[in-house]
Amino acid sequence: MLDYVLPRYRVMRDKDLCIQCGVCERSCSNEVHHVDEELGRVTANNAACVNCQRCVVMCPTQALAITRWPQVDSGSSNWTLETMQDIAKQAQTGAVLLSSMGNPKPYPIYWDHLLLNASQVTNPSIDPLREPMETRVFLGSRPEILKVNERDEKLSAPLPPQIRLDVPLMFSAMSFGSISLNAQKALAMAARELGTFFNTGEGGLHRDLERYADCAIVQVASGRFGVDPHYLGAAGAIEIKIGQGAKPGIGGHLPGEKISEEVSRTRMIPQGTDAISPAPHHDIYSIEDLRQLVFSLKEATGYSKPVAVKVAAVHNVAAIASGMARAGADIIVIDGFRGGTGAAPKRIRDNVGIPIELALAAVDQRLRDESIRSTVSLVAAGSIRSSADIVRAIALGADAVYCASAPLIALGCHQCQDCSSGKCNWGIATQRSDLVRRLNPEIAAERVVNLVHGWTHEIKEMMGGMGINAVDSLRGNRLMLRGVGLNEKELEILGVKYAGE
Amino acid sequence: MKRIYALEEWCIDCKRCEVACKVFHSKSKDPVKAFLYEQPKPRNRVRVEGNRTLSIAINCRHCPTAKCVEGCISGAMTRNPETGVVTSNPEKCVGCRTCVSMCPFGAVTIEEGPTHPIAFKCDLCGDELGVPGSPSCVAACPNRALIYVESEGN
Amino acid sequence: MAITTDYLIIGNSAAGLSAAEAIRKTDCEGSVLIVSREPYSAYGRPLISYLLEGKTTLDEIWLKPEEYYEENRLQRMLGPDFEVVQLLPEEHRALLAGGEAVEYGRCLLAAGSVPFVPPIEGLAEASNVFPFLTLDHALAAQEAAREAAALAAVEGRPSRCVVIGAGLIGLKAAEALCGYVDEVVVLEMAPRILPAVLDQEGADVLRQQLAQRGITCLPGITAQKVVVEEGCATACLLTTDELLPCDFIVAAVGVRPNSALAVDAGAVQGRGLVCDSQLRTSLPDVWAAGDLVQVTDAIDGSKRPLALWPVAMAQGAVAGASMAGAAEAPSYESAFAVNAVDFFDISLLTAGCINPPEDGSFTAVTEVDGDSYVKFVFRDGLLVGYILLNRPACGGIYTAIIENAIPVDQLDPAIFSAAPENLDFPPALRWARLHKFYPADRDRRGWKEGC
Amino acid sequence: MVRSLRKLPRRKICENEGSHPMLETKGPREGQVRIPSGCAIAAIMDRTGGRHDGGDILKSIALMHDRSNGLGGGFAAYGIYPEYKELYAFHIMYESREARAETEAYLDKYFMSEKQERIPTEPVAAIKNPPDIWRYFVAPHPMRLANSGLDEAEYTMQHVFHINGKIDGAFVASSGKNMGAFKGVGYPEDIGEFYRIQDYDAWAWTAHGRFPTNTPGWWGGAHPFTLLNWSVVHNGEISSYDANRRYVEQFGYDCELQTDTEVITYLFDLLARRHGFSQETAAHIMAAPSWEDIDRMPPEEAAYQTALRTVYSSALVNGPFSIIIGSDEGLLALNDRLKLRALMAAEKGPMVYLASEQAAIEIVCPDAENVRSIEGGQPFVVQLDSVVAAKARESAENCPAREKPFRHEVEVHPRRKERAHA
């Protein structure tokens, strides 16, 4: 059948600069470039290009750029080229469209409508280079009232288990299988260096990463891959994954060909079999079932570590979150609809869920309305793009954020959204040994550490500007936010005033 | 001395090291000129062996008792006693290939020189023979598969 | 008045200089005297053919810059007057041709080889017959070639040089002279050219390629007589009874150790001077290094001199260290031949055992591919020799395999079918080879894992 | 939505204040003098419980005239109503007759009033348009209290919130026992004169002169801010306001006034009264040690401090502040962790003096001893000798209010209780 699908990208090669060194050819797992000795030039198979930009970065002479395929659309704003191409693909394959990373559609990004405050005259801003500026947070559940013996300065009852983050940011769940071991290792190393946590995702904890277990949050998801007492016992915290922002209501499917020996051992499933995560947990059909699982895990680990529950931001997320808190979750994780994924049905990714900003604001307020906000920790996830997003998230009410796409971008990800092909040229979303090798965890960890250091400096600058020297005082401090370009309802949900008010 | 070590675990067969080496050892130091216009063609002294599944960059180990120096009939190949850097003097080299037959790593090649074929090998990107510079291959490696570190021997 | 020195080095080439350098590594104080019959600063003798080809110049052939000798305080006495004519080891004295005597502490014999003049009628008496070993020989041959070319041009005939002996020296001479005269004919008594470093098949391949480049090799044929007219050789009567006119002759049938001094003084001589592992001769305080030393062949255990540059360098280093009393003096046990030679654009690398005896203990693999000819010789699962004709790339890797006796079954079999690679070695060995002196604070990934 | 809980009429008052003739005349003076930042606070206490009139505190705060701008001043006094010490003394400001009628009807419903009267005031030229200010000595209505399931303090607090939040034109300026707040718009010395504070005898006085930039000046918004027995005077602008506000609002504290002082008072009430911490620990929580300091502590101490910071992270008060908190126990002064605001302390015999400026202490006690600056983040606590003695006998464990038996079970009617004792 003739393929009606058009190329999406086009390789622009500056002939004057191309030295035919072949670096591009060797860099491309999609086999786009080819040094044609006969023609004496480098040719490109544009249709195979996914715009990962590896070749652009690798080219020693900056001879390359990727551009859009210049095909005009039909002229209809309704039948856009992309819409029609999706139809062409499905007409060709009869399959569900798969895609990766986060929702790329132009839904409003509320972060960009929230502006931060700074001190002027009445209140000094604080210079983070001169004064201590605290970004440490603890996550876990707390008693509403702490019982202490003040004279002896001792706790009358121990504090429930907490995890300590030196920066209010953790790396979100990405399983070994969906990302390479080197990528996971880089995040583990960075987490150790930064004093924060990475999350194993639902793929188990690879034995090479056991040395990083104390900065791992291990996930228990519907497939229960890699879960055993050792896995639970090794971790710093446990996370029950109910849903994921990129694909609420959808399970996962890692095809058998990606279940290599290492993945198989880590997930504790036979090599070559499909790893299927059911859409729901089949032992959680209601909130009381969640409570059972939470306490099963706490029992299994002797109440020694916090248990987080992660849900996708969906319409009634506030009520769900309240239920989770009451079901014993120590940490509530809300994953907004722009959160990334290794693979998701495109229609789900692009159309299901709600923005994290609104979800976070609603959850925080609901927990406060129910007087339980200060007894649980709240983590926001789903496309935290910068330090300013972190500051906004915390000001809206989060204790900390989960961040994955940004660290992946630090590792080299160019958001080509082709993770599911397994041919990631950056060595991130692949298990192919030659590609995995491209990601030296040492460099990768350094880059992530640099990024987070940079962000931390910025967070400190922003906090200092607000006259705040501890992140505790930023949490839920919505007065530090002002909205622009938002309607009354949005302001109400976000709980912020309009700029100028 | 500081040596370049290649780490095959991270070598990705991109050969940017070769490109960088060639460019550094060109007259113009410009990749486009070096590759397309200069005559004689600049030569890379680092060489990537293997393919995508397994590869490693090979360059001179700057051996303490360098076989190539021992074998050199012309006095072109020398090891600087202070720096430990082994270099071949293009003025003196006659291209006899004794060094090629002696080097246990295949790190010396005989290629066309200004007047006749001569030996080419890693000079650690020094500006003058025997004085190490900052190796271009190491700088160009995108994956730290080449590292330039103080070694535990001279 | 006698000259006194702590170290006397007889011979001013690879072995002598290498020894002087080694002495200086241990003994910075002792006086070192180098004497040589040749009036030149040390140069690479194999360079003479390249000099004639124009690949090097009289400015560049010197092994070491003059400052080197000053910096290292190496005293030299060069020229015919300074040839040692008698060695008196008991007295620690050497007598020079000029009549002076040198009183030394320790002495190194590093006088190399002398050409062997074959017993061919007329050869010795002709004035236009040149050996091809020293700079003087080369310059003389060059002069003869120029004259011959000029004369032949006047006479309207092709100029011709006959080289007797198709060994390395003979063929390099032939290559060098090829640029001066119209025809070079190389005679070789043995049935193939380069009998010591090639087998029959390889020799045939090379011979054809040399022929294309103007050198006619006649293996199995030599001169039974040289026709001499007015003191000049004008033709060779070949063993085929043909008469081959020539303008001059280069006689390069071989060399023998220049060990007469030591032998006269009572040293034990086999096929070369017999030395211990520190390269001490049987004479008191006399060491030897270079072409005149009898070496144990690492492959077949035979004992003979190995007149090769790297061998001389290595021996000089051992002998020098021993003479200076270095704390950890290396020892010299055995060697095997490694030859690298090029003719025009033809390259030839050979090493070790090339023509194994057919006693069933050796196996050989050969491959002809266009201009290239490759041969590998194995014994007991080890590589013991190779020929690489026009496939020089990374040849040293094979040399290392021979030298380190790396079992072939550990290697990727592909290593013998194309240019060898470091990747053909098993991972652990590969690491060990390529990561000598690797800093221990880094793991094999090149970094310290966070802890 | 967040901070728009204030009732509209109050906003109007602010606007009226803005057009106050005195303010208009003050305008030109701005350029002639260096504009001071923030407010002035001062306090005087006799540890033995000996009562002193308001003369000294008036002198002390008047000295710091330039630290306020005439938009607010006030005093809190402890021990002024010994004859009604078991009753809640409500000082209520009314903007209208209707407001008073509504409030008094409300009070009648939920409280039993022992006495009510207009607070005596002195006309002062500088004080314009004062509200009608009354005081009531009340006890919670026993039946309603019992039905509410709340303890007495909680019950009272809820009703104070109701009056402040729901009754237009009425504002409870203070609601503690044996104490009262006297505050309004004007310079503190004028306010003091207006309220005739020299006529009151108190064992502790606090005072405040206001330079409002954060919230506009109006009578109710003047300081000290009080709740039950708490009174707070504060200088600064806390940057953690909304984090603190949203924290305390979880527990029924409505931050009507949107002032720092209000939220600090509520935090104190939450920590000290409801969670049972000592005032010192409550202050310690609000100005917690830095993580850097905690990391240097021995493990057990670090665990204690970590737990306090973790559980009460939203009670951390950030930004520049110096506060003096008055209560039936005594005074507590606290500076922000970075010590961004001035606050001095001094002693003389049983007397303790606190003020934004040293001069304000020396003017009333020239030979004061131990004059020093309060350290950032270190609570400075002065308690009545009797309280110190009582505390020493108590358990060191904090006893949250809800774990205590409801006191109203034995104290429903103060008179009855007194009789029982007699």
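Here the chain labels run A, B, C and D in written order, and each chain numbers its own residues starting at 1.
Here, contacts are C-beta pairs under 8 Å (C-beta built on N, C-alpha and C of every residue); 3 or more make two chains touch, one makes a residue touch a chain.
Note that the structure is predicted; figures quoted are calculated from it, not measured.
The innermost chain, defined by the distance from its C-alpha mean to the mean of all protein C-alpha atoms, is A. For the pairs A-C and A-B, the count of C-beta pairs in contact is higher at A-B.
One inter-chain figure worth recording: chain A and chain C are separated by 68 Å, centre to centre, where each centre is the mean of the chain's CA atoms. Chain geometry summary: the mean Cα position of chain A and that of chain B are 44 Å apart.
Averaged Cα coordinates give chain B a centre that lies 27 Å from the centre of chain C. Mean C-alpha positions place chain C and chain D at a centre distance of 104 Å.
Along chain A, residues 440, 442 each make contact with two or more other chains.
Annotation for chain D: no residues touch 2 or more other chains.
Of all residues in chain B, those that touch two or more other chains are 9-10, 144-145.
If touching chains are joined by edges, the resulting network of the protein chains shown has some other shape, matching none of path, cycle, star or complete graph. Chain pairs that touch one another: A-B, A-C, A-D, B-C.
Looking at the complex, you find that chain A touches chain C at residues 189, 192-193, 211, 440, 442, 445. Residue ranges on chain B touching chain A, taken from their complex, read 9-16, 18-20, 23, 31-32, 34-36, 52-53, 140, 142-145.
By the touch criterion stated above, chain A contacts chain B in their complex at residues 16-17, 19-23, 26-27, 57-58, 60-61, 433-434, 437-440, 442-443. For chain D in complex with chain A, the residues that touch the partner chain are 1-3, 37-38, 213-214, 236-237, 239-244, 246-247, 249-251, 274-278, 280-281, 290-292, 300-301, 303-314, 316-320, 337-338, 340, 396-398, 400. Looking at the complex, you find that chain B touches chain C at residues 3, 5-10, 49-50, 54-56, 58, 61, 63, 67-68, 70-75, 91-92, 94-106, 108-110, 115-117, 144-145, 147, 149-153.
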